[in-house]
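Just so it is clear, A, B, C and D label the chains in written order, and each chain counts residues from 1 on its own.
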Amino acid sequence: MIVGQIELRVCDTPNDDGSSITVEWNAGPGYRIFEILRSTEPDGDFEKVYEAGAGETIFIDSDVKLGKNYFYKIVGRNDSFVTNSQVAGPVRPEVQYFNLARLPVLVCIIVLFAIIILYITRAKSGEKLFVRKIPALKAIEEAIGRATEMGKPVLYVPGIMDIDDPQTIASMSILSRVAEKTAEYGTSLYVPTSKSMAMTMAQQIVKESATRVGRPDWYNPDNIRYITDDQFAYVSAVDGIMLRERPATNFYLGTFYAESLILAETGHSTGAIQIAGTAMPDQLPFFVAACDFTLLGEELYAASAYLSQEPVQLGSLKGQDLGKLLFISVIVIGVLSQIFNWHFFINLFNIE
Amino acid sequence: MRVFDYLSHLDRRIIFLLVALAVVIPMLVPLNLPVDITGPVKNVYDKIESLPEGSVVLISTDYDPGSEAELYPATEAIIEHCFRKNLRIYMMGLWPAGSELGNMALNKIAQSYNKKYGKDYINVGYRPGGQVMLLSLGRNFGDVIKVDYQGIPIDSLPLGGGVKSARDISLVITFSAGDPGILHWITYFHARYGVPICGATTAIMAPQMYPYLSSGQLTGLLGGLKGAAEYETLVDKKGRGLRGMDSQSIVHLLLVGFIALGNVILVYQRRRG
Amino acid sequence: MINTIGIWVAALLTLAIYSFLYKDNAFYKIAENIFVGVSAGYWAVVLWYDFAWPNLFEPLLTRGQWYNIFPIFIGVLMFAPLIPKISWMIRIPLTFTMGVAMAVSITQFVQGDIFPQLQATFLPLSGVSLFKGFSNLLIILGVVFTLIYFYFSKEHKGVLGIGAKIGIWFMMVSFGASFGYTIMARVSLFIGRIYFLLHHWLGVI
Amino acid sequence: MKTILPLIIVFCCGFYMLATFFIPARFSQTSSQTLQNWYLGVMAFFVFIGIFNLIKINVDKIQRKLRDWQYSIILLTFLGVMLGAGFIGGRDSKVFLYLFENFQVPLGATMFSLLAFFVASASFRAFRAKTPEATLLLIAAVIVMIGRIPIGYLIWHKFPDLVEWIMQVPNTAAKRGILFGIDLGLISMALRVLLGIERSYMGGER
C-alpha cells in the first residue's frame, strides 16, 4: 500500500472569540487514524490532543489559551505504517472583533434598513405615496359589517405561534383595526390563542382599541382566551367555537401549519365569510382553496401599514418595493455572472 | 337534470364517507395494484444485496408516532431484507420515541428469522446530542454508548463489543421525519467517516433529498408510504406499505373524480346561465 | 391490562373525534375537553422543565447567578394586568421578548433565507442541456414575475399588469401542485389511524 | 414612562442583539446567549398566565352554569391530573407519560388525520375552472395527484417525472418569489418595531 505524505496547515480560527485554533491536513489514502499532537515549544514535548478517523481533514482545537503560541504535528497510522508530518506553527489564538464572513449580511441589512428609512422620512415630510389596493383588505370591513347585520360574532385566530414570530406581530396589528371596527359596531369578537403571551398582547390591544373608539364597556376579557399550546388540541377547541358560537366572519391571520385546512374547512361548513393571511408558503394553497379572501405572503405584513394609512407606515411599504427591485437586479447580475464566470459576485452570497 | 342540482349541493358528509370507504375497504380486502419501482428505492435494495453476510447495518429510527404511518412500514420492510441477507443490525434513534417503534419491528421480524438479541441485533435506544453525538460516535462508539436500551452493558453483548467505530459499520439507514435526522447523518457521519447512507423519509421531505442523491452523499431513498410499498414489492413481502398504497391510489382517483364532477356541474350551471 | 385499557381509551377517543365529521356531539365535546385539559397541562410542565427552569431559575438558585433575578422579575410582570395601577408594566416583558426576537429574525432571515435563495437563483443558462436551460430560465422568470406581483407602489396595469398576471399564474400552478402533492401524506395519516383501529384495537388485520 | 420605557427596551435589546451577531468576541457571544436564554425562559414562564386564564374561564363557566358547563369539569380534571403528575411526580412520572401516550398522542394524530377528509371536500369545491387562474390551479393539482400514484406510471411512464418537474421548476420559482417578498415584509416589520414606528402591539397606542 502506498502511503503519502501528510501536509499540515494550522491557523487561528477566523472570526471567533479567540478560543480556538484550526488544524487542517491533507494526506494520501491508506491511513486508519491520525493523531494530532500539540506543544508550546517547536521542539518540546508534544502531547496528543485528538485522534481523528480516516475521513477527517480538519480539527478545531478549542482547548487553547488566548494569546499563547502553539505548535502542532500529525502522526498518521495504519496497521503497518506510521508517518510523521512536519511541525507547523507557531500559531496564536486571537480575538476578532468583527466577523468578516458576515460582512455581506451587514451590508444587506444596512441597505434594506436605509431604503426603508429613506422612504419613511420622505413620507414624514408630507410626500404623497400611492399604494395599490389589496382586495382581501377591503373585504375586512365588509365582513365585519356582515356579522353585525346577522347579529353574530366575529372570530379572530392570530396563528398558532407566539409573539416572537413577526407574523404574529403583523396579525396583532391587524387585530387592533378589527377590534376598533367590531367595538364600534358592538359586535362580539372572539380571539382564542394558542400561546399565553399572545393572549396577553391580544387582550391589551382589544382593550385599548375599544377605549379609543369610546366603547370601553364593550371589552370583555373572557372573549380573548388562552386554550392550549398544543397545535391540534387548540384546533379542536377552535373548531368547537365555530360550531357552537357560529361566527359569521372568521379571520385566520398569522403563522399556520397543517391546521390551516382543518380550520378553514370547518369554518366553511358553518357558512362563515373567511379571510385568511399567512406568510407560510406551504399553507397558502389550503387557504386559497378554502377561504373567500387570502392575504398572500408579504401582503400580511403590508396589511398593517395599509390599514393604518399613516404616511410613516406606507413609506416602509415603498421601501419594501425598492427592495424588490434591488433583488431583481441582483438576480439579473447573478445570472449574468453565471454566464460570464464572475465567480466573485456569486461567492459574495456564500455564508458560513 | 335534477341530478346536477342535487350534486351541486352535495352534502360534504357523503364525500367524507366515500373517502373513509376508499381507505378502509382496500385495507380489509387488498387489491394488490402493481407498484412501479423508482431508482432511489432500487439503490437501497441493491446496496443491501451487495453487502457480505455478517456486515453490520446501523439503523437509526429518527421519527415518532406522528410519522409512524409513513415510516414504520418501511422500517419493517428493510429489517426484513437485512435479516434475510444475514446482516447484523445495530439500532439506535435520534428521536426519543423512535426506539420503541424500532424495537417493535425488530423483535417481530427477528422471531421469524430466529435471530438472537445481542448476537444478530441490538438496540441501544435513544441517543440525544445531535451532531456532537454523531461526531464522537463515529470516532469511538464506546464514548457515546455504554449500555443498550435495557441498561445491559454494551461490551457484554457480542455485537455491541464488536462495533468500535464508524469503520465497523457498512451502511447507515435512517428513518427520518425531520431534525435531527437524515441531514445530520449525511453531514456528520457520511462526510466525516465516509459511511454510505440510505434513508427513508416522509413524503413531504423526500424532494428536499434529491440534491443529495444526485451528489452521491445519499446512496438510496425511500420516500413516504410509496417508498415502503416499492420496497415491499422488491423483497416480495406484502405489508402495510402495499396495502396503504392501494388505499392511496383509490383516494387519489376518488379526488380526481370529485374534481371532474365539480367541473361538470360548473359547465352545466353555466349553460343554464 | 393497563395497556389494553390504553388501547381502548385511544380507540374510543379516535372515534369520538371522527364523529365530529358527521356533526358536533357530546362525544366530540368530551374528547375535545380532555384533549385541551391534558395538553395544556402537558405543555405547562414541559415548558417549565425545559425552558423556564433551566433558563431562569436554575442559574439563580443552584449556580448563584444573581443577575438572573432580572428576567424572573420581567417574567413575574405577566401578572401586572391584575393590578390596574401597574397594568402598563405588562409591556416590559412584551417589548423585551420582541426586541430580542425581531433582531434574531432579521439576521436569521438575511443569512438563512435571502442569501442562499438568491444564490440558488443564479442558475446557468449556457453550458447545460437545452431542457435544463429552459427550466432554469423558467425558474428565474418565475421568481421575477412573482416578485412583480408583490409590487405595491403602482396599479397593476400595462406592462406591470402583465408581469403581475404571469406572477399569479406561477403561484397558482405552485398552489395546485403543492395541494396535490400533500394529499398522499394526509391520507397516510388517516391510514395510520385506521390501521390502529383495525389492527391494534379490533385485531381484524 | 408608560410608552417611553417599553420603546427604549425594544430599541436597546433589538439593536444590541443585532450587533452581537457580527461580533465574535466572547463578551458579545455570551451576553447574546444570555439574552436569548432569558427570552426563551420568560416566554415559557408566561404559560402560567395562560393556565391561570384557562382555569378561571372554566371555573367561571361551571359556577354560572353556562352552556356546556359540564364539559369544563372534564377539562379541569384532566388539567389538574396532568399538572399534579408533572409537577409532583416529575415529567417522567408514570401517570404523566401514560396520559400523554394514551390520550394526547392519539387525539393529536386523529385531529391531524381529519385533513384526509378536508382535502377531499376542499378540492371538490375549490378546484373548478371558473377563471384562467383557477384552471391552472386545477390542472396542476390533477396532474400531481395522478402522477404520484402507481396508476399514473401505468398510464404514462413519464408521469412521475412530470410531477417532479412541476415541483422543481414552477413551484420552486413561485415559492421563492413569495419568500423574497415575505423576507422584505418581515425585515421592514421588524425594523418598524425596533424603531418604535409600529406600536399597535402595545395596545394600539400611536
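A few comments on the model shown:
Assume contacts are C-beta pairs under 8 Å (C-beta built on N, C-alpha and C of every residue); 3 or more make two chains touch, one makes a residue touch a chain.
Remember, it's a predicted structure, so these values are computed and weren't measured experimentally.
At the far end from subunit A, in terms of centres built from Cα atoms, lies B. Among the inter-chain contacts, the highest number of C-beta pairs connects C-D.
Separation between the centroids of subunit A and subunit D, computed from CA atoms only, is 12 Å. Per-chain CA centroids place subunit B at a distance of 24 Å from subunit C.
Separating the centre of subunit C from that of subunit D, both taken as means of CA atoms, is a distance of 3 Å.
Per-chain CA centroids place subunit A at a distance of 30 Å from subunit B. Residue positions 17, 20-21, 29, 31-32, 35-36, 38-40, 42-43, 47, 78, 91, 93-94, 97-98, 100-102, 104-107, 110, 114, 121, 140, 143-144, 147, 150, 171, 174-176, 178-179, 181-184, 187, 189-190, 192-193 of subunit C are each in touch with at least two other chains. Each of residues 12, 16, 19, 23, 226, 248, 251-252, 255 in subunit B touches at least two other chains.
Residue positions 18, 21, 39, 43, 46-51, 54, 68, 104-105, 107-109, 111-112, 114-117, 119, 121, 123, 125, 127, 137-138, 141-142, 145, 148-149, 167-168, 175, 178-181, 186-187, 189-191, 193, 201-203 of subunit D each touch two or more of the other chains.
Only residues 18, 21-26, 28-29, 39, 43, 46-51, 53-54, 57, 60, 67-68, 104, 107-108, 111-112, 114-115, 118-119, 121-123, 125-127, 137, 175, 178-182, 184-193, 195, 197-198, 200-206 of subunit D touch subunit A when the two sit together in their complex. Residues 17, 20, 24, 28-29, 31-32, 35-36, 38-40, 42-43, 47, 78, 81, 90-91, 93-94, 97-98, 100-102, 104-107, 110-111, 114-116, 118-119, 121-126, 140, 143-144, 147-148, 150-156, 171, 174-176, 178-179, 182 of subunit C touch subunit A in their complex. In the complex of the two chains, the subunit D residues touching subunit C come out as 2, 5-7, 9-18, 21, 35-51, 54, 68, 71-72, 74-83, 86-87, 91, 96, 98-117, 119, 123, 127, 132-134, 136-145, 148-149, 163, 165-181, 183, 186-187, 189-191, 193-194, 201-203.
Only residues 10, 12, 15-16, 18-20, 23, 33-36, 38, 65-66, 207, 210, 226, 229, 245, 248-249, 251-256, 258-259, 261-263, 265-266 of subunit B touch subunit D when the two sit together in their complex.
Those residues of subunit C lying in contact with subunit B across their complex are 21-22, 181-185, 187-195, 198, 204-205.
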